[in-house]
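What follows is a set of notes on a single structure, which appears directly below.
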């Protein structure tokens, strides 16, 4: 049951239309990202949504290396680098410092947002234990996983977030083996919400839905405590498509059902954007083929590979207890009863 | 300047990722051909460009021993980049407008490192005189050659084997036989797969490359002030730097040279939906008092997302960057004289074309 | 003597780790990050109880590992909090990535290192190689040999590390077991005096706060790294003067030198502790608690007519080169006792041995230097061992060194 207080906080934080989105940038032009970089858009949205009273911490990765070339920066709000696996700990340290200094009267008492972002390695792989630890405390901090499905800063290597079969520098198809990446992509939000009882807000997003994205960041910050957002960021370099289609790829990821958009609010799952229509049966999922065939990293796929991915996605919606979210079935509840 | 004639250097300027393999393969061919000629040779990328970003200008180098042995060649070439080069190969003509790879370095002229009497070879569908409208003048004579072809782009995982590299080798052999000559080049190429079509491409480029001497003082004015980097006493400590002030952009890194196309706006059809503004990953759109969205072209990287998301047909159209001589903002031009702007828009939009990019083997 | 008593509020039996925890409480730390590993852990056991009892007002973060532990304090420190952290042995090494950048980002974190052998094989006895892993990356490093010195040096640590001329992290090393787990009487000063000695932590223009928007540690290319290293090295050099100031001020405020129990025991120098060195022909060198059996052995040998003294290295970074020269220039043989090793190094010697030999190199008349590697993995260096070392040193007053490095008491080699 969503508590009334939370409901109110969520309501107050929402921006109704794109036209109402604040114009002011807190992450601005002059970074060194790729043409059409969706992760840069995530940085922009999170800074915009959080506003001026914010400290941003960035783990090593594309959004570290590309965003700042020394003695110049794109950040308007204070920004600090943390080591690759350090985002959870760095967010904790910053939030703990603010709490102690405010309580002891050493700095002014006021709400200051603490946001740490990390990529595949910095969150889902090396950084996972630290992120998990941060989620067990009661500090106000938001951790954003910007997921471009590879180690993009080191020229696109496989991570646990790389989708099945995708070509990366660590998983290039060869003469003997076509599919080098056989592991299925890790689901981070379910892991976070299932295992961390005191977290009250977590969400998935993709910058292809800007209002949804900005509002999720605002809700996370408004609800407070440790919160978590996982963003799927189409990466023109690693996914290998024309940069102008970054937006389109994000939409397709959601419409094919590969990337379900949802929020976890105080114990409940709320679906958003096309995922809501899909789960409620008002919209048919597009075939994953439409998404896969637009990317060079899947160019070695045969029909069989595409079918495999399609089957895996079908299962997410047709068989899971919480469709698109939790790969768990309950023996007591028949799917058909729902 | 350090290296004189002990080593001949070829600089390959290209668009990051899109031409990464092309640049590397061109360098490789020059190295092997030089070896066919009995000369030591090596190649290296400008390490600071790595990791490469889509579209961001990057450089690759070939060093060829000119009377020095292999060991000394490596000695001369253990560098981030050479001071001066004998030949520059430019793989996309919009790079002629300048190269800015990092903050603090500013926009560097394309021929910054060209030696006196050096050679520049460009792949372009444009003619020499048109290209010279983009190229800074030098205080010596030099040679400009054009390989008549559209720039070859591909994605990270694919090499677009469209004979561009063979054409570039052929052109280079024609203009700079002292670097690679035709006989040895053909000897090298004949070892490759599908050698016949490759050899024809080499020969075709060799005989058809358009070139002429560019006289001292010919070309455009281009002010480039090399940066004075701060001393350790002047820098803030603890790896700290000041943030960008509110309402400003990163003044030290305008990365407009990343684009090969720019969005043009037909304000007359704009419905002020704000989508271009919201989807721009480079924060390039500025809302005007009357609710339009002006573009900071000096920061725009030409990704084309704005054109893709714009709901009005032909309101935002991507146009080849070589059509423009400056980064003047479109809104003020339109405000100044709407009829003239319309005319101008019509004119530049003639350069609208299919994207040259081939994304991997998908799509 | 009466005045001294006024400066001591109470005398309490505590071990080295408890002494550090109490000093951190006196320093009013804001954020503490903990992760358990023997033998330093009792610092954190003590701190958490002090917080639970309301003696200290601080955030206590239990990290998920040492990497997170050190990242936590680094970022807390950049945001203006006074921090305490610590580790031992391989735990310290697990945090190494974060530990290195703490120095580069100039976060004046104070870390307590309970020196411990590096696993494998798992062993919790003292060795100094853990702390010495950061000897080259811009951490201030100090070794203490009593619980009192641990307490006093912790207060000094905050003052030195947080000084705006310095802003460097500081590691206080204490020998695992011999100091972390043995209780001694510590004289605690009245809390008000600590306020007179230790100003509030103020990062000034380097504070991470929305009122002071800065970007910290952006990506750097070859254009800038040399200058950043040069700045860092300069801060290390400035720390020398700040350390001297801090010891002088400590004496003024607390009426005694750090580490001493009353005003009669006034060491002459913050960086090193000389002992019976004035006429010494043979000088022993060591760090940490080895100084204690050394002093007894020296007294014994003096009674037998040996002119022998000791120089304990207290501050390892910045290294007291000039002090080493000053105290050793007139000696004939220097016996360096290393509780560490440097495999495959020149003469196969220990770390301190090389530092001492390098410091003496420019002298026209150099003393001979012999290295004694001993006490590894928590093994004792006994008074008898030290006496033997003195005798070996004495043999070479007039004769060249025949064997540069001895392993003290190792089974299988002659000793």
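In this document, chain identifiers A, B and C correspond to the written order of the chains, with residue numbering beginning at 1 in each.
We adopt the following convention: a residue touches a chain if its C-beta (ideal position, glycine included) is under 8 Å from a C-beta of that chain, and two chains touch if they have at least 3 such contacts.
Given the structure is predicted, the values throughout are model-derived calculations rather than measurements.
Apart from chain B, which is left out here, the chains connect through touching into one piece. The most central chain, judged by C-alpha centres against the centre of all protein C-alpha atoms, is A.
Averaged Cα coordinates give chain B a centre that lies 55 Å from the centre of chain C. Centroids built from CA atoms put chain B at 34 Å from chain A. Computed centre separation for the pair chain A/chain C is 44 angstrom, with centres defined by C-alpha atoms. Annotation for chain B: residues 102, 104, 230, 235, 239, 241-243 touch two or more other chains. Touching two or more other chains at once are residues 213-218, 220-221, 223-224 of chain C. In chain A, the residues that touch at least two other chains are 52, 65-66, 68-73, 75-79. Within the complex formed with chain B, the chain C residues making contact are 104-107, 167, 205-206, 213-218, 220-224, 226-228, 230-231, 234-235. Chain A makes touch with chain C in their complex at residues 52-55, 57, 64-73, 75-86, 88-94, 96-101, 103-104, 106-107, 112, 129-130, 132-133, 137.
On chain B, the positions that touch chain A within their shared complex are 16-17, 50-56, 102-104, 155-158, 230, 235, 239, 241-255, 258-259, 273-275, 278-284, 287, 296, 299, 301-305, 307-309, 318, 355, 357, 359-363. By the touch criterion given at the top, residues 18-19, 21, 23-25, 27-38, 40-41, 44, 52, 65-66, 68-79, 153-156, 167, 172, 210, 236-238, 240-248, 292-300 of chain A touch chain B in their complex. Within the complex formed with chain A, the residues of chain C that make contact are 28, 30-31, 33, 57-59, 61, 63-65, 67-81, 97-98, 101, 200, 208-210, 212-221, 223-224.
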